[in-house]
Amino acid sequence: MINNGDTIGIGGFVTTNKPWAFLRALMRVRKKDLTVVASPSGLEIDLMVAMGLIKTLMTPYVGAEAIAPVGPIYSKQAGKSFTIEETDLMTLATMLRARIQALPFLPAWGPVGTSLMELNSKLRWVEDPFGGPPLVAVPPVKIDVAIIHACHADKYGNVQHLGPCFLDPMLAQAAEKVIVQVEKIVSNEEIRRNPLATTIPCQQVTAVVQAPYGAHPSASQNYYRLDDVHYREYLKVAKAFVEGDQTLLKDYIARYIDQPKDLAGYLEAVGMEKILNLGLEECSDAGNT
Amino acid sequence: MINNGDTIGIGGFVTTNKPWAFLRALMRVRKKDLTVVASPSGLEIDLMVAMGLIKTLMTPYVGAEAIAPVGPIYSKQAGKSFTIEETDLMTLATMLRARIQALPFLPAWGPVGTSLMELNSKLRWVEDPFGGPPLVAVPPVKIDVAIIHACHADKYGNVQHLGPCFLDPMLAQAAEKVIVQVEKIVSNEEIRRNPLATTIPCQQVTAVVQAPYGAHPSASQNYYRLDDVHYREYLKVAKAFVEGDQTLLKDYIARYIDQPKDLAGYLEAVGMEKILNLGLEECSDAGNT
Amino acid sequence: MQVTPKEQVAVFISRQIKNGQYVSLGTNLPIPSAGVLLAHLTHAPDLSLNILSYFTNLSSIDYFEDLTQIANPSVAKWADSVMALETLINSISRMDLCFVGGVQIDNYGNSNLIGVGQDPRQLKFRGPGPVGTSTIMSTVKKYFIFTNALTPKVFVEKCDFISAVGWGNGGDDARRQLGLPGGGPEYVITPQAILDFEEGTKRMRLKYVIPPATIEEVKGCVGFELVIPDSLEAFPELTAEEIEVLRNRVDRKGLLREGH
Amino acid sequence: MQVTPKEQVAVFISRQIKNGQYVSLGTNLPIPSAGVLLAHLTHAPDLSLNILSYFTNLSSIDYFEDLTQIANPSVAKWADSVMALETLINSISRMDLCFVGGVQIDNYGNSNLIGVGQDPRQLKFRGPGPVGTSTIMSTVKKYFIFTNALTPKVFVEKCDFISAVGWGNGGDDARRQLGLPGGGPEYVITPQAILDFEEGTKRMRLKYVIPPATIEEVKGCVGFELVIPDSLEAFPELTAEEIEVLRNRVDRKGLLREGH
């Protein structure tokens, strides 16, 4: 469904609901020259950069917060092996909204006075016809395929996040094709029991796949925490790569991307005990009430 | 809370969730020179025009669908006793969004090629900095007080519609003050049981009032149907007014607006048996499954 | 009984709809609703139906009691999703088809829900307002104009006001020149005739006369010169399945058969 | 034990917050979080707290086990509402206060999360990106810059790149000339010193030194000439209630007391 040179949209938020199962499949077949439009991102971008798959990147953030303030390989290669079209979250949302509304541009305050004008080739100035100072005109972005991870969907593709839904609905509306991986495919009756919770209606969804634990190592809302041990393992790999040692990265890719023949194989490579433990409630959790 | 000359925002949609209890209170004290910004509207606008309260009107529709394609007094007085700033639904939403985003304008396709440019003094043309044809620039609209009817809220003002929420969340975000009437004030625990269903968070709400049957004669989502008999009764009054007979309207205002000292008094004037019957499920309802 | 013109029109609409499309079903338009539902219950089970703020699939419904009561809040019980109104109107460019009416409709398919008269402060008749049509008709992939009133009062040379653009001042590129992203009006549908727009000029053209109406009657009912093609095809026959589904599942009360 | 600089800073933040305000509590910023929660548990019970996509009121919570774990998805259990991200970022102009950091912060409170270097294709260090700050800092009613790193590497004369505008090139009307709707940065907060912006020029100015740091040390830690007022007030004393609530309810693990 995805071709070399396509623009892909990646849903989720930093280290939550990242569609890792799809991303690993994409990495496995080495789809290249991708333009990636992503909500604030985790280390999946770092790995895709390491593998040389990304040509152009539009995302407001690449890191893993307390685990890593910034992706090491992404940081090293930025502007060298790939181009960044600099954007903040709202400017990105504005690009998506311009596409959704079929408008040639929408005005924005975000880039005004910042370096975004210089670091994003798509932006222009627009006069305020009411006489105020000029604003920045943000053009639409066209997404060939959006890939999204969510809790539930029915077989028709009605998707429910059952929690925050990030930019996922906007990515879906802005995309030509939308593929969604879910923890569980549920009946249409279950979806219809709470239609208010449907975040992406089936008419926007091209394909839906049941992929339990498919967001690993990121967190999956209502299902499991992020696997910080795995993220730290990857960080070691990435830091070694940045310092010139490529063997760890090769091993990581072999072990987690290339050798597992499917999601089940990947989960076994990680170890099911680790995986299952991520689904346990943390008992030392905050406070009371 | 509302002064003569204010801009008020009215929520709901045509004949559903119209905040009639507040509107009757407003009519009772004859607040005047109002600028009314409203989602598609029912006959409440017709009555406000009849009472001479509206100076400027921005709404995409005034009517009651199958009951009345257009409000009779509104139709008669348009451009005479009050001014219409012509708008369609999306252009109205765009005005609200410009206000919410603190932008001096947002571009829109809707008015292009239509008479809206000629019939709405607020609109301007804006060049497309990417070289396409010009678009229409829609400025923000500032709302002094938004009035909204919903199902439930807690005492802090967390509001849940439990169904479509129309433009109500946008009206709330665009307004300086927001007053919400609800069928039932529920506990904060009940709101927190389903926080995804909260449509207007408490930080946007100035006041919340329990007003059971407060949307009558319009429908209240999940609570009761519209009172088409009452709407037809009003239509007779309005048609007589248009034909020069003001007595029926005077009687209507006395009976339903001025004499009832509160919501309970109004409901008694309508008749509680009628009111309660509106809450019954219609048994001849469509189909199966 | 014989098929009625309203039934024929509903079938015409049904045949324009492809499976999998995203179609909006308006309130207070029973004939277009019948057409959409007929498609849905026959060849388009995967239609994505937008009704009010709800998205539904009604293809497994045995029958509808009352065609006029589909687009009311009780449709909620069939909803797969409820979209925020803002989201819904933002993404109209994904919508395949919807319908518009008008107090006036002109030669180029522009429509007017604003009012009749020259001076906006002294209108002869003030209409209900544009509702959502200005933006929807500028952006939706294509749309049909529907009215029961094929009369010279409605079908005017030039609308006094335009609330939704059709083909503007005419010509294939009328909409492109304005920049409008949507595909524009494809058909004008009435129980007496179905009209389309001539290539090149985009003037309104007769496509089908629906008996008992005649070409001459239709010409007399529009306040401008209708393009009449050299040869006019007869309205295609309805299939037995279409008639059966329409009468027994979509329109049980016989709304489209009234007066016949 | 004595109050620590980090505790003093948290109390400073707490005192800037008024009851009823709408404040965003970011991830990975424990000192600002402590300040906001302290206000919430003392004088600001009606705070509207935005954490991730959730809106919550935490004033009835007895205590927080782990200050670093507030802004994580488990906060969902206290949520009054969950806002669509788009809605949240659309309406930033209603937000009273939030926080920003930076890999560089300049003389006029502009901040940089983009990177260090001159040529964007040959950066010495590429930062994580602007996250939401470009728009949030242009629009929020006011904001505080927070960093643990009061060093000349971070506090530079001029940012290599700007991801969020402070006072631009300086002057009271710097932001008005750009048209920015938000109020701009009010304080720059570090555990060694609290800084504000001089009226007129909007250059960064020392407001409080927090012992054991000294004025000279602070001056040496910024890569530009800091405005030093003629007389500098001492940092106001913490109340017993503030210390008690901070230590027993907000920061039980003693994150703000570490190393003292």
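We just call them A, B, C and D in the order they show up, numbering each chain from 1.
Quick note on the criterion: a residue touches a chain if its C-beta (ideal position, glycine included) is under 8 Å from a C-beta of that chain, and two chains touch if they have at least 3 such contacts.
Owing to the predicted nature of the structure, the values given are computational and were not obtained by experimental measurement.
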Shared interface partners, meaning chains that touch chain B and chain C: A
Between chain C and chain D, the fewest touch steps amount to 2
Among the chains, which has its CA centre at the largest distance from chain D's? C
Looking at A-D and B-D, which one has the bigger number of contacting C-beta pairs? A-D
Chain A to chain C: how many Å between their CA centres? 41
Measuring centre to centre with CA averages, how many angstrom lie between chain A and chain D? 28
Shared interface positions of chain C, touching two or more other chains: 54, 76, 78, 82, 84, 92, 139, 179, 181
Indicate the residues of chain B shared as contacts by at least two other chains. 97, 101-102, 104, 108-109, 128, 132, 135, 163, 169, 196
Checked against the stated definition, the touching pairs are A-B, A-C, A-D, B-C, B-D
Chain D partner contacts - residues on chain A that touch it in the complex: 13, 16, 40, 59-63, 65-66, 69-71, 74-76, 78-80, 84, 86-91, 93, 97, 108-116, 118-119, 128, 132-135, 163-167, 169-170, 219, 221, 282, 284-289
Where on chain C is chain A touching in the complex? 22, 48, 54-55, 57, 76, 78-83, 87, 90-94, 139, 179, 181-182
Chain C partner contacts - residues on chain A that touch it in the complex: 97, 100-102, 104, 154, 156, 158, 169, 173, 188, 191-192, 195-196, 198, 201-204
Interfacial residue positions of chain A with respect to chain B in the complex: 101-109, 124-130, 132, 135, 137, 139, 162-163, 196-197
Note: in the complex, chain D contacts chain A through residues 27-28, 52-54, 60-66, 68-70, 73-74, 76, 78, 82, 84-86, 89-90, 92, 112, 114-115, 119-123, 125-136, 138-139, 161-165, 168, 175, 177-181
